[in-house]
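Below, each structure is written out as structure tokens.
Across the two complexes that follow, chain A remains constant while its partner is chain B and subsequently chain C.
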Partner chain A sequence: MKNFSFVNVENKADALEVLHREKEKSCLVAGATNVMPFIRYEKINDKTLINIRNLQELRFIREEEDKIEIGPLTTIYDLENSEIIEKYAPALREAAQDFADPTTRNSATIGGNIANASPAADTATPLLALNAVVVAESKSGVRKIPIQEFFLGVNKTALQCDELITVIEVPKNAANSNSCFIKLGLRNAMAISVVSVAAGVELAEGKVAHANVALGSVAPTPVRAKTVEAALVGKEFTPGLVEETAKLVTEDISPIDDVRASGEYRKTVAAVLVKRALKKSGKI
Partner chain B sequence: MSEINITVTVNGTKINANVKPEMNLLKFLRSQGFYDVKCGCEMGDCGTCTVIFNGSSVKSCITLAAQADGGTVWTNKGLGEVDELTQKLQKAFVEHGSIQCGFCTPGMIIAGKAYIEKGGKPDRNEIKKAISGNLCRCTGYKKIVDAIYDVAEQMSK
Partner chain C sequence: MGKMKGAQIVGQVTARKDGVAKVTGQLPYASDINIPGMMYGVVLRSPYAHAEIVSIDTSEAEAMGAVCLTYEDINPILYNERSVSVPDATFRDRTVLPKKARHFGEPIAAVAAETEEEAYKAMKALKVEYKVLPAVFTAEEAMKPGAPQLYDKVYLGDKEVKIENNVAVIRNIEEGDVEEGFRQADLIVEETYKTQRTYHSQLETKGAVCKPEPDGGITIWATAQSIHANRQLIAQIYNIPLSKVNVKRTAIGGGFGGSIQVNTVTPICAGLALKARRPVKLISAREEDFYSHAKYPNIFHVKLGVTKDGIITAAHVKALVEIGAHHIQALAYLGCVSGWFASLYKYQSNIKFEGKAVYTNKVPACALQGYGNPDVNFAIESTIDIIAEKLNMDPIELRLKNYRGTGDEFWGQGPTIRSIIKSCGVEESLVKGRELFNWKERTKPSEKTGHIRRGIGVARGFHTSGTGGPKEGEVIDYSSDYIKINEDGSVDVVCPVVDHGGGTWDAITKIVADVLQVPLDMVEISPSDTRTTGYDVCTHATRGVFCGGGAAYFVAHKVKERLLEFAARIMLENPIDLDVMRDDELGQGVVYVKNFPEKRITIGKVAKTAQINSWGTIAYADSYRQKNCPPCFVAHFVEVEVNTKTGEISFPKVLIYGDCGTPVNPDLVEGQLIGAFNRGMGFAIYEDTLYEENEIGNLKCHGYMVDYKTPTSYEMPLAENIIVRLADTYEPTGPFGAKGMGEAAFSSVAAAISNAIYNAIGIRFTELPLTPEKVLKAIKEKGI
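The block that comes next holds the complex of A and B.
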């Protein structure tokens, strides 16, 4: 039985107040591109829909000294067209360019994309590789959640029911500025990824100083390819090294069979995409 | 469960109505007689319900009606009466035979308009990307791309 109510909020303070009051009944709605199918398929029935679409104060992309700050209400269209994102987080820009279709990108927001925590969320994979930090706020205070601790499972995050994402921080560093994103879908538009990979490497005198590799759609949450990363660091960055280490990605992932692809196929293709992403990021 | 009262300016006319909290903008528009906004998949995949909401193209089936309170909506039919670019696109769709059953046409025209307004050039690949969220099951897309290309070319001169 559908039992929804609707509250419009005009500013962050109001939003935190309503979240505090409604607790588990809260369902934040911004672009609505995930929430509406959930309502249609009765995945949610008894919620207070809190409209934050007009919270312009949370729609920004700012450059600070050592990081960039992205407001949760930033649309995918904004990400696609930001010079700051292009310069410091190209993986995120490339993910935005592959995201659904241009009309959906006008509505969908980065905050909604990660809060929904789909294993295939297109912005989640790059944010994981970029070592982003999610700033969450509630009436009782502010806390910073490293993105590695943010995704807990399919549609599950570390956010409490009264918390609102207020900023997504991305550190400025060479690995992030070199980052790239590759998505394999069954077609180019409106495709949910079969496998997605984001990678960023920083080289020092030809050797790997830092290597960040993340994958989507290969586990219940987006995952870091820790085995691959460990095998790269400190070594001379050559096509041969990339070829060998990319294969190790099967240690880091646990893909399932679903309507889009088999787990076996995902494992094979993940290694190929990791290889391509590393080569692209390290420019070899 | 209580209904909420919203006021939305649709095609230049203020409309006041009570809606359920979970109603989508598409159902609201059709309930008010704007039948040129088509209901296809109702899950954001097919694009035929695309409208201009507060200046951006959006899929009205995945927008809450209540979110449109105080806002402005333009549909393909309404734009066709006042907007020169939409008129050009509508004319080009007829001339190029881009309409067979016509069900996808309102969304295609708005996607084409959004593309050209953002500075889109006459470039077939870019046009295909611009309409990638709009499905057509009749034409094979070629004639739709032809029509948008034609108008993009006219506008870039």
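The block that comes next holds the complex of A and C.
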């Protein structure tokens, strides 16, 4: 019915080969939970679908000395059920638990979720707050892209057309281990977020040593709440401080009106969610 | 209809007969039908809200091998897709394919090809030249001078009707002395309410498979709530004798009123099949189905007068209804809405209703579970709470003083179909309900604090059971059955009634099993079609059990008479001395002598003897009209939590009280009540179909469910906090005391939720849906 060709690859080397050959025509398919609707809406047309679903070598969650490594083919279900994720990146686990519905979670992958670069992608917000690093590989080599530089716009990333995500790295630190995720959607399951917030706070002697706050669905890409973070660091972590600083989030976001909510509503609830997330992460 | 002694199957929880076939995917729906040589149909839909079709060039599609259907192929007969009203009360404004597109997504042309893919490509190759016209999207705008006009004229029956300012129909009804009633009032409350256009979200999208027959006839499998309505319309459009148009009854994946009318795609599919002279399958994608139907949106202005003692003395309701691009019977709709309003309370019989329905360039609106009842219920039941507060009276007491109950008149289908209420569970529901729900612990909005505020609210509602009345009115209502006893004592029921999934077929088999006193697994509903059955109007108006089951009850009694005659010949007794009883040990029904029960013979033995002796088959066929339309009542007690920081609403607890007379299957009634509560939550706080109000005029959600959220099980109260009770009533005119439930279950959910929200935060909402955003805005304005 639609114009696309289809290539099945069984290992990473083949995938890089096909990406090199097809270049701009490449469209990687893992869980296919975005690609299938895109084909139907004719958002994907005249592409070569490269099926990487069977690349089991890229499906892993590993603990290293100073970081954890997540393979791009790791499903959302895997994230939800991993003790490593629970321990070092709880925000990511909570996002996985709020992700769509169980059938989608069984199929969708973390690599696909961030490569699609929806501003509402549920794993993007926590990865941004966790200061993750995306490792991309092509026939010409490997490079590391800090997550802050990864998302360029709606459905646009820093990936070249011949690149494949091979690892997502998340540093091991106290802020990340304290992290949490809160999503507000139009209903509790199978909903695209109206606003999502991930936050990780590290305290030292009652004061904020590190504060990482990211939001989804409030700008063309997931964004860091830099004003909020700056207002927190070095201060004594109290409910009053959280209350005051959470309001500053409107400086960091530029939400639009769409079919799900108005920009005005998003601004209001973003502050509420930031407050909740900071309190949860800092355990007050 | 009489009570039956002995262990009655009606009233027991029994496993659904179609359950195994459904859960194993073996029950065929229209889209499961595949015929050798079948082609696939695809519809080209209008890319504009309003446009003249200047020309359609099919040459490229035909060169690809496709069969194309345009208005030039179509008999330009004007019709209304809905045929439950008598012809003189039915507006006609449409043809199978139009010369002018009146809403985005309206079918313009269709193609059939060897595969779905080829058909889709051929559809894309059709070249249509449009002359785009200005479009109009709201009733208020459409009535203004100079607004774009959708029609110059339409027909009411055979009478030409000129359309001015897009007003499709006006219906005013007045009874008693409204002015005098308002003079007697100590308090008059007026308020305006708006309800939105929701989409039915039925599981099965509309589709059909049509097979032309060698004799010039056609066989049809279609998504349908009435097989006979489909047969009659196709026969009329394509000028084929009814005897050669056979519509097969299939399972249907939910109706909710969206297929009371013959679906737009069905005559298109038939046209393709007749032109191609090959079978054609045409199934709507979800994003096409969204452009096929929606609920009527309404603006109600309500004025109620009440004495200081809480007696409502007069009521005046004005309704402005935006119907979209075609008339799927707004005349009947306005009549019914007046009836739902009029039948809720007594108003000392001083009632005035002014209804106006207006065309716009939107998807045609049609019935959705309640036919305006949940909408006008939201308006009236909100106003009742406003009055109760102003009078400083308990809202339940105010309702108990004024409701229409036993002995009062009920309008089952507008002003022309009325009957007297003979069974009523309103008082039980409200009185026992308030105890169960700890109503007396309810606090005032001003006493609540914190950012999570709990409130409880109540509303009561009802729906008709069927559209029969002692006097025939403008709505057709009867059903037909052919029931026969087989030679082993088992029973075949051949009936035209469609089961939406609510268990109507099961109810019919249970009723027949109890009349003939045979075990339930000895009664089956036969596959049927329009050739083998008499007429049944439609499974709508909550009439499946009361009217469909009522006809089966009547015909089964006739079969029983024949059975007793044959048994009497064998037993050398007088038939009036005989009766039947179920013998579970034998797994058979038996005929016995009333004063000497030891003398007995199995029903199977009677039937077999009748066959061997060439006496004939024990069978009977007839039609039957229920001459009543008893209301089935509900009451909803809802607890909500409102988050004053985000406007989110959640539902910790609900009590649903239902009155369906005898529940034929209590589990299925409970399922209806809980399912409808979920749908009511959708209506109250989630759902709306919003339009881009420009010359394109598409839905903002594009017909994708991803942007049309309905509540899931996640949003429901926890299972242990969903309490369902059934009132202990018996409807004397129903089969074994049964009346309906389906639409009543939905009727008062939104009003109860809105009343609970008021109790939580002290804000009265008058426009649905109450989205978090709307709620938060109101909270900010009030400064909570």
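To be clear about the criterion, the second predicted complex is superposed on the first by the 282 of 284 C-alpha atoms of A that agree within 3 Å, B and C clash if a C-alpha of one lies under 4 Å from a C-alpha of the other, contacts with A are read in each partner's own complex, and residues count from 1 in each chain.
Throughout what follows, a residue touches a chain if its C-beta (ideal position, glycine included) is under 8 Å from a C-beta of that chain, and two chains touch if they have at least 3 such contacts.
If you're wondering where the values come from, they're calculated on a predicted model, not measured in any experiment.
S.K.: More residues of chain A are touched by which partner: chain B or chain C?
M.R.: B
S.K.: Please indicate which partner A:S107 is in contact with in the superposed arrangement: first for chain B, second for chain C, both, or neither.
M.R.: Only chain B is touched by A:S107; chain C is not.
S.K.: Looking at the overlay, does A:I145 come into contact with chain B only (first), chain C only (second), both, or neither?
M.R.: In the superposed model, A:I145 contacts neither chain B nor chain C.
S.K.: Check whether A:S5 is in contact with chain B, with chain C, with both or with neither, and answer first, second, both or neither.
M.R.: Only chain B is touched by A:S5; chain C is not.
S.K.: Who does A:T268 touch here: chain B (first), chain C (second), both, or neither?
M.R.: second
S.K.: When the two structures are overlaid on chain A, which partner does A:V135 contact: first (chain B), second (chain C), both, or neither?
M.R.: Touch status of A:V135: no partner.
S.K.: Is A:A174 touching the first partner chain B, the second partner chain C, both, or neither of them?
M.R.: Touch partners of A:A174: none, neither chain B nor chain C.
S.K.: Once the shared chain is lined up, is A:N188 touching chain B (first), chain C (second), both, or neither of them?
M.R.: It touches chain B and chain C both.
S.K.: Which parts of chain A are touched by chain B and by chain C alike?
M.R.: 37, 188-190
S.K.: Hey, which residues of chain C end up touching chain A in the complex?
M.R.: Touching chain A: residues 116-117, 120-121, 645-648, 686, 690, 700-702, 704, 706-707, 709, 711-712, 714-715, 771-773, 776-777, 780 of chain C.
S.K.: Considering only the defined contacts, which chain A positions touch chain B in the complex?
M.R.: Contact set of chain A toward chain B: 2-6, 8, 29, 32-33, 35-37, 39-40, 49, 51, 53, 77, 100-104, 106-107, 188-190.
S.K.: Would you pull the chain B residues touching chain A in the complex into a rising list?
M.R.: Residues of chain B touching chain A: 1-2, 4, 20-22, 24, 42-45, 47, 50, 56-59, 61-64, 66-67, 69, 111, 114-115, 129-130, 132-134.
S.K.: Would you tell me which residues of chain A are touching chain C in their complex?
M.R.: Of all residues in chain A, those touching chain C are 1, 37, 41, 184, 186-192, 259-262, 265, 268-269, 272.
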